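Got some structures for you, see below.
The same subunit A turns up in both complexes below, where it pairs with subunit B and then with subunit C.
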Partner chain A sequence: MFEDKRWLPTLMVSPVLLLLIVMIGIPSIFVAWLSLTESTLGAQSTFVGLDNYRQIFSDRIFWRATINTFVIVNVVVYAELIIAMLLALALNCKFFGKGLIFSILIAPYAVSEVSAVVMWQYAFEPDVGTFNLLLEQLFGIDFNWSRNPFHGLTLIAILSIWIHLPFTLIILYSAISTVPEDLKSAARIEGATERQVFRLVTFRIIAPAVLIALMFRYIFAMRLFSEAWLLTEGGPARLTEVLGIYLFRSAFRYFDFGPAAATGIAMQFLSLLVASFYLYRLYKGMKANG
Partner chain B sequence: MKHKSKIMLAGLSCLAGVAALNLSISQAGAETLTAVGHKVHQTTMTSDVGGNFAGEWAEKNGVEIEWLTFNTGAVHERLYREASLSSTSVDVGFAANRFFLPQFPAMFEPLDDYLASNPIEGFDELPKGMLDAMTIDGKLYGIPYRHATAALHINTALLEEKGLEVPTTFEEVLDVARALSFTRDDGTKVYGLMLDDRTPTSITDIARAQSNGEFLTQDFKLTASSPEMIAAVQTVQDLYNEGVLPETYLSFLTEDVITFMQQGRGAMAISPFGRNKNYNNPDESQFPGKIISIPLPASETLTGFKVAPVRTEFWAMFIPKNSDDKDRAWDFIRNASSPENTIKAALNGNGPVRPSAYDDPRMAERLSYAEAEQTVLSVARPPLPGWDNSARVQDIFVEELDLVLLGIKTPEEAMNSVQERVTPLLPE
Partner chain C sequence: MAERYLTIALRFFIIGLGVLWSAFPIYMVVSSSFKTHIDIFAVPSKFLFTPTLDNYRQLLSDWPEFLDGLLNSLIITTGATLLTAIVSLLAGYAYSRYQSRMLTASAFFMILVRMLPPLVVTIPLFPIINWLELNDTHAILIVLYAAFFVSLSTWILKTFIDQIPRELEEAAEVEGASLMQRLIKIILPLSVHGMVAACVFVVVFSWNEYMFALIFTSSAAKTAPLVLAEISGSLEGVQWGVLFAAATLQLAPILIFVLLVQKYIVTGLTAGAVKG
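Right after this comes the complex of A and B.
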């Protein structure tokens, strides 16, 4: 029996599988079940079928939160990608103080979200905020994120980009560092411009890393909560509410766990939808490369 | 063989060590009383100004008190979650009246038996209205500890700077607020009036000061679309549009009100009396000793009231049903509720739930607002009844008020909408 080693790989990965089942599988099943019940504190849960889904899908604030989440997530993820790509390309060159600049760029990842929100809140305070005064004096813009929902969402996006940029930057920088210099030199000898070198050589090699960064950031960004909650609490008039806040209100302000769980499942489906698109592209790319 | 023995010995030592560690942890757990509440509960029980009576109790009983403090909403979320589990390390929890839930009997211990076997000194003095609010099916679940009653706080330095007098009617409050909205010589922009938030709790203060209006009575009569409430929302809209309320009012938190008052960016505030200590805190405030707290004056057209019948909210102490040491928790509550400790807590900035506390000479001597607070208490009422939809109703109110402040709806449209949306959420 021990001569046959086919069981060995299964045995080796079984602890991880077990961990995944315990940490992700079972809670997910519990949340799915919870979404089909009427459940609150100190009371027995009762099965209500799809009522919670009907309730959230007929709530205009749920749809507003979904649209806000979708818009912010796309702005944040793509803005992060473009900025991180430019920074990674710049950091790939040799220059004095590169280590220090790299450290400064990844520092926001070590800052707690609460501190970051307080810092940006004061920087953009309508009366005394430095950035607000600059915006007003240089461009005549009255940036009042507390009153104007568009400004509120913009500040949430800026904050989110600032906090999470290091994640994308590290992935892209690592990928760009692995592109062989001789390949780029060969392309240049063949007459390729720098733009063509980037598009036809560098980008093709780092494409899988870009897709992975995009996919992870999409999934993380979909859970957007603390930046929005700490800054605007979804206000004014719940116009800057995102799905994370909608879920939080249901669960921890109204103690209405059924709709909260249904919102969680809806968020999971949104993430899966986005992730499956990128996973498919990744799989196709890998297949094409043999 | 020798090697195997060594391994076995090491293994046994490890097991013994783990067992000893477990024992010491469980012993340490038995000597800790965990309380979930707001920071203000901890401060009023442990500050040295009036006396650290919670610390003295802990020392006498050989107990260590572990305080888990959060902001108001999070206190209830944590407490109710802990009380819903099969077991908890929480022994005592604080909850505010508008967060009382019909599910209390499933989560908290009825206190009648404890009260009968080990009574609270001078229990009969505790206000019946507060005790009734915590009684379900004839059983008492909470002991009142603190009331928070609204006052008008005025920065007298700014008042003098503009050559103004302390207002005596609500109309004068609005006039003074308008006059105190200005830019100081050093460039500081001053806002005339601060409100704690945009919930019905704060707006009802305005409605009551103007015309004794009400949003929702304790017996669930909803009057959101009444002329009194519409007028109150109109007043708030006017103040916001005129720049009397801060530009950031739409995202304001309690902490912001404190900061604005301490920095002199807010000239007056309608907030609980106990906040006087924060506004005058010499370590943080730029105007220590300059901010006075008086009853909010009633409108000159409001007959029968010398001062506005503003909000009073109260907090009570509860024992979770799943607590390990309910007797000790009860002893902690008994100690905190005694007449002497009620006075000590008041000197530490608490709103005393025992009327007799105001007769103590230490109160008048050390609390500048003691007499004013006592005056207001005689007419103050809770702003909202407690039931399981109260948070949802507050969110609806805030949403509609925001639409008024953004200029999207008129006060009348917004309050009619509140009336329509809240009605189905009321208990049958």
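Right after this comes the complex of A and C.
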């Protein structure tokens, strides 16, 4: 229908593709080469084969960071999923002031990692923070996140959940609000309990959205860096490091780009692994459409 | 009937907890920024207090670079948003109106790169950006921020442009309107909502971003979150108030923005994340 200029669509998408290729595509591939070399600032790089991988895989701190990342990612993603699901179900009815409530619930999306760290540091400041005093008086817990690595990781997880809950909530809430009321009432007339209505009707309809929200959250949660860096810098004694911090420290504190690149490749591999089913489905869909 | 009331009670209990969870940390910091340092750590926390602007005054005298940080953030956010908006509109239009093998392949590529962790690209980019002497400039952050959001924005705009009838454009084409004219006079006005939905994410991201700013800026282009982190890092005892004032100033504009465009965040996320 439009002018038959075959180069036109290519021209129109080229700025976007150029940005993506130059800033993300080429660097992401170039990292693979860097991971096989030894390089630092201002020095000629030399090819070292798989030495960098050997180095990180035999580094206790790398494995500690990997385990920390694995645990935090799973805790954060599933905690968000459960909280967001409960909230989305609770919100799925009409009541006065719902718009305002929804605004408050997604407000943390506007908060930067830095400000969020300030907020939660204040609440959990040893000896004086509101939550710390509560924990101490109610449960006798001395929650000292700057000294106790388990407490540190807990606070990093809480902070991550707090910042990212709006994303999961929005996706689940929109999905749940698309479930037709008739279908649910029909199930109720047939004598289904509320729990059955959720399991057999609502959940089946929102399952694809839940799966995609999960995948995106897994991928984004694995990138965890800022909150953890700002809160503990990986300390004490590098016990609260996550993969992002391990990479950052190798690259920008020790200027040892080889091991940093090897860590980067590991992170890319994990991200693509999680995304693979989604990408595969998308690829098949696109192929089918032409 | 009793069961019904129980469900309603449970509903509001969950929502109440959710509201408390989301709002309490924000409320604490914002309200404490107007407290004297004696009131800040008063036990129990004071809900009624005489507000003071002392913390803000002290912030401006102790940390003049915080204002520069806010200005840098504003410049970078504006730049990244404009860049994202322009290139995504062009690409979103092409994906909506044309079909080709190349477009399909590139659409797949766009989604693929969204999965790659941003931190990883900094390793090869760091020496190159240093070599090009682009570190500590607004431009490098603008380009980086845009690069990580163009695929989402393009996808959102595509779904919006899909809904604009082609007939409108065909009519204009018959009257001799060029592609550029059609884009500016037909597509742009009709996809204003799409533009907002496509841009909110890059606005919020650019205003708040910490990691790239930490790696690629040092003084001239230092953004507000970075200065805020510095204030936090240099904290000694009584300066919490100053930190809260800075956090409030960094947060307030973007929080108001998010609340105003909330509706677009919902449509944008559902269009971009679920379908794209």
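The working rule: the second predicted complex is superposed on the first by the 251 of 290 C-alpha atoms of A that agree within 3 Å, B and C clash if a C-alpha of one lies under 4 Å from a C-alpha of the other, contacts with A are read in each partner's own complex, and residues count from 1 in each chain.
Everything below uses one rule, namely that a contact is a pair of C-beta atoms (placed from the backbone, for glycine too) under 8 Å apart; a residue touches a chain by one contact, two chains touch by 3 or more.
No experiment lies behind these values; they were computed from the predicted model shown.
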Q) Is A:Phe252 in contact with subunit B, with subunit C, with both, or with neither (first, second, both, neither)? A) both
Q.
Going by the contact rule set out at the top, does A:Leu133 touch subunit B (first), subunit C (second), both, or neither?
A. second
(Q) Quick check for you: in the superposed arrangement, does A:Ile67 touch first (subunit B), second (subunit C), both or neither? (A) neither
(Q) With both complexes overlaid on chain A, does A:Arg147 touch subunit B (first), subunit C (second), both or neither? (A) first
Q: Going by the touch definition up top, name the partner, subunit B or subunit C, that contacts more of subunit A.
A: C
Q. For A:Ala110, is the partner it touches subunit B (first), subunit C (second), both, or none of the two (neither)?
A. second
Q: Give one of first, second, both or neither to describe whether A:Leu41 is in contact with subunit B, with subunit C, with both, or with none.
A: both
Q) After lining up the shared chain so the two structures overlap, which partner does A:Leu231 touch, if you call subunit B first and subunit C second: first, second, both or neither? A) first
Q: Once the structures are superposed on A, label A:Leu200 by its partner contacts, choosing first (subunit B), second (subunit C), both or neither.
A: neither
Q.
Quick check for you: in the superposed arrangement, does A:Met12 touch first (subunit B), second (subunit C), both or neither?
A. second
Q: Once the two structures are superposed, pull the subunit A residues common to the subunit B and subunit C interfaces.
A: 41, 125, 252
Q: Write out the stretch or stretches of subunit A touching subunit C in their complex.
A: 1-3, 6, 8-10, 12-13, 15-17, 19-20, 22-28, 30-31, 34, 41, 83, 86-87, 90-91, 93, 101-123, 125, 128, 130, 133, 162, 165, 167, 170-171, 173-175, 194, 208-209, 212-213, 216, 219, 222-223, 225-226, 230, 244, 247-248, 251-252, 257, 260-261, 264-265, 267-268, 271-272, 274-275, 279, 282-283, 286, 289-290
Q) Where on subunit A is subunit B touching in the complex? A) 40-43, 125-127, 144-147, 231-233, 235-239, 249, 252-255
Q | Of all residues in subunit B, those that touch subunit A in their complex | A | 73-74, 77, 80-81, 83-84, 101, 103-104, 106-107, 189, 246-251, 265, 388-389, 391-392, 395, 398-400, 402-403, 405-406, 408
Q.
Which residues of subunit C touch subunit A once you look at their complex with the stated criterion?
A. 7, 10-12, 14-15, 18-19, 21-26, 28-29, 32, 41, 43, 45, 86-88, 90-91, 93-95, 97-104, 106-113, 115-127, 130, 143-144, 146-148, 150-151, 154, 166, 169-170, 173, 179, 204, 207-211, 215, 225-226, 228-229, 232, 240, 243-244, 247, 250-251, 254-255, 257-259, 262, 265-266, 269-270, 273-274
